[in-house]
Amino acid sequence: MHHQFRTAEGPVEVTLAKQGEVWHLGEHQASVGRDGRLMIQLANGTSGHATVAKVGDVWWVHFEGHTFCLERIEPGASQSEDGGGLTAPMPGKVLDVLVEVGQLVEAGQTLMVLEAMKMEHRILASTSGQVTGIHFSAGEQVQQGSVLLEMAESED
Amino acid sequence: MVSTVLVANRGEIACRILRACKEAGLTSVAIYAANDAKSLFVELADHAVLLEGDTITDTYLNQSQILKIAATSGADALHPGFGFLSERADFARAVSEAGIQWIGPSPNAIERMGDKMSARITMRNAGVPVIPGEEIETEDEEEALIAIEQASTRVGYPLLLKASSGGGGKGMRAVDRPEDLLEAARSARREALASFGDGRVYLERLLTGSKHVEIQILADRHGRTIHLGERECSVQRRHQKVFEEAPCPTMTEEIRSAMGKAAVAAAMAVNYEGAGTVEFLLAPTGEFFFLEMNTRIQVEHPVTEMITGVDIVREQLRIAAGEPMSCGELHLRGHAIEVRLYAEDATNNFLPAIGPLAVFQPPEGPGIRLDTGVRQGDEVTPNYDPMLAKLIVWAPSRVEALQRMRRSLDEFVVLGTVTNLRFLRELCDVPDVVEGTTDTTMIDRLWPDGWAPSLPDEFEDGALMAAAVAESAGLHRQTTSTTDATGDSGPVSPFMTLNRRYP
Amino acid sequence: MVSTVLVANRGEIACRILRACKEAGLTSVAIYAANDAKSLFVELADHAVLLEGDTITDTYLNQSQILKIAATSGADALHPGFGFLSERADFARAVSEAGIQWIGPSPNAIERMGDKMSARITMRNAGVPVIPGEEIETEDEEEALIAIEQASTRVGYPLLLKASSGGGGKGMRAVDRPEDLLEAARSARREALASFGDGRVYLERLLTGSKHVEIQILADRHGRTIHLGERECSVQRRHQKVFEEAPCPTMTEEIRSAMGKAAVAAAMAVNYEGAGTVEFLLAPTGEFFFLEMNTRIQVEHPVTEMITGVDIVREQLRIAAGEPMSCGELHLRGHAIEVRLYAEDATNNFLPAIGPLAVFQPPEGPGIRLDTGVRQGDEVTPNYDPMLAKLIVWAPSRVEALQRMRRSLDEFVVLGTVTNLRFLRELCDVPDVVEGTTDTTMIDRLWPDGWAPSLPDEFEDGALMAAAVAESAGLHRQTTSTTDATGDSGPVSPFMTLNRRYP
Amino acid sequence: MHHQFRTAEGPVEVTLAKQGEVWHLGEHQASVGRDGRLMIQLANGTSGHATVAKVGDVWWVHFEGHTFCLERIEPGASQSEDGGGLTAPMPGKVLDVLVEVGQLVEAGQTLMVLEAMKMEHRILASTSGQVTGIHFSAGEQVQQGSVLLEMAESED
């Protein structure tokens, strides 16, 4: 059984073996319990129960008091381009746009101000570079995931 | 006499009040916006009436619509909860004038305490120490900014800008340097205007190293005004409380008595009725300063209930019905801690998160209380405050309460929406929390560049294995709803997205 | 010093103890039979070790296997919970001889109190009043039956047959008429033999109209033996408690003090250590009689914890580690009620039921505690005791506690297995319960021909409509497990079957 | 939408209509909520939420503090014969058989003693009649639903 997941550090490939009711991943072992629970035994001796649920393509896993979101990459799916766009973290309203197309910005500089859940949220530049596109203006509603601005990274 | 209570609120506090009504044998009426039609509080009410309209202003803040529903549903009392219209004197007045009992203090008391500036003045006149600061009365943007700039030189840095009609950290900004003042002031005014319909702000010296300590008050119409001891709520992020406890770990009998006396005096100064909270800053020297009075039930009231044995909401209902409060002489017992479970990304400046609650499994066992408005299968939307639940524990001692809180948070499972669960869990191990030496700047001080979990690598191995096995074994946990959770807005995992985009 | 505790039990009490260990910073070891591999308590333990064998005798009652696991797992203490081996002096002795701390009283104390006959004699000698009755010492079936018949004429009718090694209502029979004696005696002896490996029974006058009142005891090695007030557990069906409260609603300070003194004297008479309970019958006259002493933690200990603020299990761990108990002077606060949620058909003589817990949604909010060993998705099997959970509420007064219990039971949803939920809910409205005038015969007296719910016709209409809509809309709630709930034994609905077959 | 359910009082037929998101059954109304919940409004003004789950063919419904088991009868399924057999209410062991084939018994008389969950359970005659068959003897294990004895009702 081969699966690929996207983690914060990048894609990870996982290949499982199964013997009887026990799953193996190297020296780690797992078995399936009731109602979305799994028993996990790690090679280093740690053992515990995991609770899992799938939402869309993402497996949510609770293990040892931590919660993980692991997006499953469909076999054969092409990796989406990851650079450039700055997307809305949640639905909301654009309060203010603080930059213009073509402007050079520093990492950490505020580019746009959103309002959601009655709070202000600042969209910051994650790197220094140049603003290459602005897709919303003040007063407009944005959906979660909408690309708000586009940036070209400066070559440091 | 009160027989039918309209609860003009939503979420967990509506559930808290509706359950209290049920226990008191009172008929309850919920009001709900269309996007709350399937929320728990609607189920708990005896009757539920739909609020027309799409925005909060049209629904939960819509005084005339709510008054109309109160009249047609036969309500003879109205509980405003917290937030929304709970501190709107004009609403309290309109409710009373409609012949409906307002469950809370008089409009006059709300006015005098609800406006932060007049409260400061009232308290100063009553001899209660207030934080050095200045009120800015003007409503005009440009005039206000000039006045703020001038006042700032007298108040000194670091300072705090606060919305005059504010609460819950909204419209509040800490300013460390003069060059940040104007942007902060504009932003605070804008947020205050949006949240409370009032853009006025005032300036206060930021007293670093202080504790936020507050006194719970109860006053009835039979001449009794008492305090129920203090709560400490110093642990805040974005000026919002996340970890509250009672009693305050560094409290002495002497300070409690002085602070309690000041709080009772404050309440009596405005002929207070019902439940209220007087907030103080407690400096390391033992000096304390009046911050503000909240003329309503508070989010963190459960910790006081746990150590005093008083059901504060039930007492609110009694007092509003004209009965004397039922509690006798009070003795504080043990220690209680509350943490607020938010749908938010603690690794990304506590940005609110949304998504389905695919799994929502609270902990169980002795000394645990959960106040929540959600259940497994619910959807967290951007429409309202992202607080999902309050987890409260009680134990005979503070050490044991912290041990119980750790255990409870380890057992708590929430999947499908990013929450601050792990952040709360790790808070319980922070030396300042363990020793009780928390102050209001602790979170910013400990994590100036943001918080990240302490996560051993092998745990991610375990999680990856769990996901892979679950995928292989086909454990696609399904909720029963016919509306596909992925249908409306697509799968939402702000955790990952945010992590990568905004480091 | 204690660092690793083996919990020699299962289900909700194992969960209770394992959580207490976790809070105390102790490593915990669970033992489990194969059919418990997916149970909650196995998850809660730091380590879990499989017990070989198919029957209870081979697993949870298997002393040598458990001792072996204790040795190999590095346990330096063992908590027996209740039931199973908790009152087996030989096991307590073997555990101690293996160098492992037994969390409970000495084998000698267990022996003297665990055997109901020797306990009666011990108490009589100590000047504590006991119920008129006679012990039958012989183990031989025919001799015993003759002795029972002879004793019955001296004790008088109605009388109660009780297993000498009994508990939990097993091996207990009430006999109203001489002609029923022999069949009842045979059946009691058979059940006692099967449950406790000891068929001896004794006879007691059945004191009708009395309350079952018991005193919680704590004793440490530092010379302190205290009582934590009383619990009333009069409401019983099939001689098993279902509704327990503290304090006893008709208790006076005078009787509490006398009963407490008698209980402490009883404990000190056997050099008692740890937590224990001395049970009394309280007659309407105010006289009380010793029933028995339970030398272990009890199912209903939470109600005492709620009103005293003492964590009894945590104190057991402290006392076993040689520390003094941590609680200071005690004050009773408010009122606590516990109900036992059983998988059983209350409409059919409380016959145990089995099935999947397709939905298991406990109530939430202030003053509620749930002690359970199950979760939604679990399967209720015939292998063990059918108790699913204990729901405990606390409130400032008894009236408010009952109101809270009603509200909580209305919110509690369990689908897939028949439970006594509705029976418990209707108990809360019974005049004797409302007024606190419960006695041990109440259920039999109120429902001599069995209980049936008060069910308005239109509710069945609503239920039928719900089922029809659910079927039409395709709301087939699914649990995630790959093992199909319907796979092993077919769908189980004893409710319906039983209702029709055995009216 | 037509369904048939078996209740304690016998089979019940239910025919629903649907308008938009609202279901109708005479004057009663219902709508579907989240996670197995339904909002029910009865003709008499009672309204409340129901929680449902299906186990096998049985719909379990929690409504107004009561729990109902409603077995759905598959369209076209023949009604099973209901008389005669006395079945085991749960898995267990036969402890004692107190009657013989051919014996006349009174309603309420104990026919058999089972042990399950460490407790004794008595199988009683629901009517007076004659024992026509005994399928298990003492010591044998029985499954839930096993027919233990057969009886012919006497004609009163």
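Descriptive notes on the structure:
The first chain written gets the first letter, and so on, giving A, B, C and D; residue counts start at 1 in each chain.
As a convention for this text, a residue touches a chain if its C-beta (ideal position, glycine included) is under 8 Å from a C-beta of that chain, and two chains touch if they have at least 3 such contacts.
None of the values given here were measured: they were computed from a predicted structure.
Within the contact network of the assembly, the step distance from subunit A to subunit D comes to 2.
Once the centre of each chain is set as its mean CA position, subunit A and subunit B turn out to be 29 Å apart.
Spacing of subunit B relative to subunit C, judged by their CA centroids, is 40 angstrom.
The centroid of the Cα atoms in subunit B and the matching centroid in subunit D are 49 Å apart.
In subunit B, the residues touching two or more other chains are 361, 375, 410, 473, 475-477, 480-482. In subunit A, the residues touching two or more other chains are 32, 35-36, 53.
The list of touching chain pairs reads A-B, A-C, B-C, B-D, C-D. Listed in rising order, the residues of subunit D touching subunit B in the complex are 32-37, 47, 49, 53.
Note for the complex: subunit C touches subunit A at residues 37-38, 43, 47, 375-379, 479-483. Partner subunit A is touched in their complex by these residues of subunit B: 56, 170, 187, 190-191, 194-195, 238, 348, 351-356, 358-359, 361, 382-386, 409-410, 413-416, 418-419, 421-422, 425, 453, 455, 458-473, 475-477, 485-486, 489-503.
Those residues of subunit D that touch subunit C in the complex are listed here as 1, 3, 5-8, 12, 14, 16, 18, 23, 25, 28, 30, 32, 35-36, 38, 40, 42-44, 46, 48, 50-72, 82, 86-87, 89-92, 95, 113, 115-121, 123-124, 126, 143-145.
Residues 15-16, 19, 22-25, 44, 302, 305, 309-311, 313-314, 326-327, 331, 333-334, 361-362, 364-372, 375, 395-397, 400, 403-404, 406-407, 410-411, 473-478, 480-482 of subunit B are the ones that touch subunit C when the two sit in their complex.
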